[in-house]
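There are two complexes below, and they share chain A, which is joined by chain B in the first and by chain C in the second.
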Partner chain A sequence: MFEARLAQGTLLKKVLEAIKDLLNEATWDCNENGMSLQAMDSSHVSLVSLTLNAEGFEPYRCDRNCSLGINLASMSKIFKCASNEDSITIKAGDEGDTITYVFESPNGDKVSDYEMKLMDIETDHLGIPDTTYSCVVKLPAAEFQRICRDLSQIGESVTICCTKDGVRFSASGDLGSGNIKLAQNANVDKEDEAVTIEMQEACTLTFALRYLNFFCKATPLSPQVTLSMSNEVPLVVEYKIGEMGHVRYYLAPKIEDEADS
Partner chain B sequence: MEQMTLDVGQSLIGAIQCEGCGMTYTHGEPTDEATHVKFHQRLLSALKFPGWKNERVIQEFYEGSRILVVLPHEKLFMKKVNAIRILMDEDLGFVVESKNLQNSKTFLYISPDHQVVACCVAEIISKGYRVLSPDSSPMKSPNSSLPRPWCCSNDAEPARCGINRIWVLSSQRRQGIATRLLDAVRNHFIMGYQLSRSELAFTDPTPTGKLLASTYCQTSQFLVYKLGGR
Partner chain C sequence: MGIQGLSKVIGDYAPSAVKENEIKNFFGRKVAIDASMCIYQFLIAVRQEGNMLTNADGETTSHLMGIFYRTLRMIDHGIKPVYVFDGKPPDMKSGELSKRAGRREEAQKALEKAEEAGEAENVEKFSKRLVKVTKEHNEECKQLLGLMGIPFVEAPCEAEAQCASLVKGGHVYATGTEDMDALTFGSTVLLRHLTFSEARKMPIKEFSLEKVLAGLELSYEEFIDLCILLGCDYCDSIRGIGPKRAVDLIKQHRSIEAVLKNIDTKKYTIPEDWPFEQARELFKQPDVLKDSEVELKWTEPKEEELIKFMVEEKGFNEDRIRNGCKKLQKARHGSTQGRLDSFFKVTSTTSTKRKSTEGTKGGATKKKAKGGFKRGR
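On to the complex of A and B.
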C-alpha cells in the first residue's frame, strides 16, 4: 500500500508541468524515504532526476518499495482537474495496475478522485556519476528563463562562458548574434535575486536551447536556479522544490565537430 | 557543432539492431529512427501473408508452417512473389532484374504467424559446373578466415534443377528452414520424380549460401551455373 498526501497540491502540479514536455512516460520509484524519478528523453540528450522527500508529505505511507510506471501526459491532464488550493493524495495498492489521485478542497466539502492505469515500462538503472564542477552559478530562475527564451530567438544553441567577473550567454544565428552578461551580485536584502558564482576554473560550453527551454518549465518551482558546469561534461540545472526535494536536469553539451573544423 | 548524448548505463545506446527487421540503426538519432520505421513497415507489409483461398500447399509441418508453390502464370499470386523478390534481391545483392522466370517455380515458406519467412526460386537447367575445392584453387589466401576467391570448372555436368535464389529472413536463419525448402523443391519440382541432391545446381552463392549448398549437397564441390544461361 502506498499513500502520500500533499497539502499544497499546486506543488505537484508544477512538478508535472516541469517534466511532462521532456518525458512521455516515466517510472516513479517509491520507498520509505520518498518518491523519486529518473528518466532520459527519447533522444538521450538530457536526463531528469526528481526527488520528493517523505517529510514533505503529510501523511506518507509506503509499506514496501514500489515502481509506478506512469504516462506523464495523462497524469498532467488529470492534475489539471485539481484547483491550486486543493490537497492531492496519491494512492496505489500493492496488487493491481491502477493509481488513484484524490483532490480535496481546503474546507473539505469537495472531494474528487481519479483513477488511472499504470504502465509497464522497461527501465534501466541509470547511474549518474558524482562530479565536482569547476563552475557553479546561482541565478534567479526567472532571469534564466528569460535569457533562454530571448536567445532562442537568435539561434538554436547558447554558449555559456563563465569567468570570475560574471557569466556570459551568447547565441548567434542567421539574423545576427546576441550576448547577455550577468555580473556577480550578492544582494543581502533580496536573496532570491542574487547572482553568485563559485569557480575553480573558467569554462565555456555550448548547449541546445531547445532543451534549456524545456528545463525552464520548472521555473515556478523555485526562485533560484543552480547551473553546474565543467568543460566537456554535461550541464546540471537544479531547481529546489521548497524544502521537500529538487529536480535536476542533465544536458549533454554540443561539441565542435572535428570534421568541420 | 555536434550534439553529444548522455551515457549513464542505459541499455539502449548507440547502434542497435531491430529484432523484427534486422536493420542496424542509431537509437535516438531522428533520421535513423525514421528510416528504420519506414523500412520496418515496408518489410512487414511485404512479408505479411494472411493466406490464399486456392493456394497450392505442398507440405505442412507439425508446428504450423507450410510450403506453397507458385507458378509463373498465376498472375495474382505472382504479385506477392514479386514483392518478396524485391526484398530478397536487396538482401542477397542481386542487381539485375531477371525477367525470364517462365520456366521457374517459386516456393514460399509460411510461418505459423502468417509471415513469409523464406523463399526459393527454382528453374529448369540442363547443365552445371562443379566448384573447385579451395585446396586446388591456385590463389591461396594467407588468412583462412577471410572469404577467398573461388572458381568452378569449365566442364559441364548434367543437372536438372537450378536454385536461382534461396533466401530466409535474417532473424529466422539457422533453424533448418532452407533445408526444408530444398527438400520440398526436390520432391515437387518435377512431377512424379524425386530429384537427388546431386542434380541441384546453384547460382553464384553468397558466403552463407555457399555454406548451405555445401552442407545440403554434402560436398564442398557442389554444382553452380550462371544466372540467365542454362
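On to the complex of A and C.
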C-alpha cells in the first residue's frame, strides 16, 4: 500500500508542468524515504531527476518499495482538475494496476477522486557520478527563463561562458547575434534576486535552447535556479521544490566536430 | 540470407533485446552499413512501373538513387554512415552461392515462360529475383560515396564480419544491415530498417547482442553454435532440427559436439563432411581488416564533380543534387548535439511490468517475429 498526502497540492501541479513536456511517461520509484523519478527524454539528450522527500508529505506511508509506470500527460490532465488550494493524495495498492488521486478543498467540503491506469515501462537507470563542477552559477529563475526565451529568437543554441567577472549567454543565427551578460551581485538585500558565481576554473559550453526552454517550465517551483557546469560534461540545472526536494535537469553539451570525423 | 529464423528465436526468447526506435533518436551515432546488402535492396525497391531506373543510355541508376537519398536521410538525422563493401566470398560460402545461382536459373526460366505468356505480374516478380549486384554497381557506388565525402571500407571478405569488427573496435556504434548474422559475427548492436525509405515509416529495430545472450542464457560461443544449427550461409544444418529444438539442444548440451553425441542419429541425419567447426571458426575469427588499418574520415562533398557524375553522366536532376550537397555541407558545419548516454552509463533497468499483462506481451513478440527481410532468392 502506498499513500502520500500533500497539503499544498499546487506544488505537485507545478512539478508535473515542469516535466510533462520533456517526458511522455516515467517510472515513479517510491520507498520509505520518498518518491523519486529519473528518466531521459526520448532522444537521450537530457535527463530529469526528481526527488520528493517523505517528510514533505503528511501522512506518508509506503509499506513496500514500488515502481509506478505513469503516463505523465494523463497525470497532468488529471492534476489540472485540482484547484490550487486543494490538498492532493496519491494512493496505489500493492496489487492492482491503477493509481488514485484524491483532491480535497481546504475546508473539506469538496472531495474528488480520479483513478488512472498504470503503464508497463522499462526504464534504464543511469549512474550519475558525483562531480565537482568548475562553475556553479545561481541566478533568479525568472531571469534565466527570460534569457533562454530571448535568445531562442536569435538562434538554436546558446553558448554559456562563465568567468570570475560574470556569466555571458550568447547566441547567433541567420538574423544576427545576441549577448546577455550578468555580473555577480551578491550584495542585494533580496536573496532571491542575487546572482552568485562559485568558480574553480572558467568554462565555455554550448547547449540547445530547445531543451533549456523545456527546463524553464520549472520556473514557478523556485525563485532561484542553479546552473552547474564543467567543460565537456553535461550541464545541471537545478530547481528546489520548497523544502521537500528538487528537480534536476541534465543536458548533454553540443560538441564541436573534430576536424577528422 | 543470414541466419535462418534467428529474429523469430530472439523475439520468442529474448524480446527485451529488440527495441524499436525512430531514426531521429540515432543522431550523433556512427553506423557501419553493409553496402552490398543495401545496394541489392535499392535495385529491388527503387523502381518505376516495375522497371529499374535508368539514364538516357539505359544504364541502371536505381542503386545511385538509393545510395544518394538514403545517405542524405541519415545525414539529415545526424547519423554518420560508413559503407562496408564485400570482398571475395569465403570458400565455405560456395555451397550457398551455388544454391543461389541455381535459384537464379530457375527464376530465369520462369521469367521467360512468364514473358511468353504475357503475365506482367509474374514478369516483374521473376525479374526481381534475377537482380544481381555487379561489380560496376559497386564501383559506381564507391565513386558516388567518395564524391559525397562519405567513407567506405573494402572488406577483405564478408562485409558483415567487417562491420562487426568496426563495432567491436569502437569505430562505430552499430551495424546497419538486414542480415542477422552480423550478430553472430559479434556486432554488439545491430540496426535493421536503417536504409528503408522515409515513406514506409518503418521504425528502426535495434538488437542488442548482450541482451540476446542474456535472454537465451547462452554464452557467445554457444550462440554461434546455435546459429550454425539454425542454418547459416557456410554449411548445412541438420535436417529435422528446427529453431525450437535447436535452442533446446544447445541449452542442454552447450556445444554442437555434445549435441552430436547425444542425439539419435537415426532420426536426424547429420550431413556428411559437416564442416561446422570451420564455420564456427569463420564466425569467431573472420578475415577482416584490423582496427589500425581502418581510417574513417567524413570529408567535404565535391560539389562540381558530383554534378558532373550524377547529372551529366547519370542524368539526375541538377537542382536536387545541389540541394543534397547543401545538406551534406550543412551537416559538416556547426556543432553536433552530444548524447547524454555517452556521459552517464546505464546501471540498472527497472520494469513496472505486472503479471496480468504477460498475455498481451506474448502477442506482441509474435508479431515482431514475422516480416523478416529475405535476401538472395
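FYI, the second predicted complex is superposed on the first by the 256 of 261 C-alpha atoms of A that agree within 3 Å, B and C clash if a C-alpha of one lies under 4 Å from a C-alpha of the other, contacts with A are read in each partner's own complex, and residues count from 1 in each chain.
The rule is short, and it goes like this: a contact is a pair of C-beta atoms (placed from the backbone, for glycine too) under 8 Å apart; a residue touches a chain by one contact, two chains touch by 3 or more.
Keep in mind the model is a prediction, meaning the values are calculated, not measured.
Asker: Given the superposition on chain A, are chain B and chain C in a clash or a fit?
Answerer: After superposition on chain A, chain B vs chain C: clash.
Asker: If we overlay the two complexes on their shared chain A, which of chain B and chain C does A:Asp29 touch? Say first, second, both or neither.
Answerer: The second partner, chain C, only.
Asker: Could you say whether A:Val236 touches chain B, chain C, both of them, or neither, answering first, second, both or neither?
Answerer: In the superposed model, A:Val236 contacts neither chain B nor chain C.
Asker: Per the contact definition in the header, classify A:Asp120: touching chain B only (first), chain C only (second), both, or neither.
Answerer: Touch partner of A:Asp120: chain C, not chain B.
Asker: Per the contact definition in the header, classify A:Val247: touching chain B only (first), chain C only (second), both, or neither.
Answerer: In the superposed model, A:Val247 contacts neither chain B nor chain C.
Asker: For A:Leu212, decide between first (touching chain B), second (touching chain C), both and neither.
Answerer: In the superposition, A:Leu212 contacts neither chain B nor chain C.
Asker: Using the superposition described at the top, determine whether chain B or chain C touches more residues of chain A.
Answerer: In the superposed model, C touches more residues of chain A.
Asker: In the overlaid three-chain picture, which partner chain does A:Ser46 touch, first (chain B) or second (chain C), both, or neither?
Answerer: A:Ser46: touches chain B and chain C.
Asker: Contacts for A:Leu68 in the overlay, against chain B (first) and chain C (second): which applies, first, second, both or neither?
Answerer: second
Asker: For the superposed three-chain model, which listed region of chain C (96-104, 258-266, 294-302 or 312-320) is the one that clashes with chain B?
Answerer: Of the candidate stretches of chain C, chain B runs into 96-104.
Asker: Do any residues of chain A touch both chain B and chain C, and if so, which are they?
Answerer: Common interface on chain A, chain B vs chain C: 40, 42-47, 124-129, 157, 206, 208, 234, 250, 252-257.
Asker: Hey, which residues of chain A end up touching chain C in the complex?
Answerer: 27, 29, 40, 42-47, 67-69, 97, 118-129, 157, 206, 208, 233-234, 250-257, 260-261
Asker: Could you list, by residue number, the parts of chain A that touch chain B in their complex?
Answerer: Within the complex, chain A touches chain B at residues 40, 42-47, 124-129, 157, 206, 208, 234, 250, 252-257.
Asker: How about chain B: which of its residues touch chain A in the complex?
Answerer: Of all residues in chain B, those touching chain A are 1-6, 8-13, 27-30.
Asker: For chain C, which residues are in contact with chain A within the complex?
Answerer: Chain C reaches chain A through residues 16, 22, 24-25, 27, 30, 80, 296-298, 332, 335-354, 356-357, 361.
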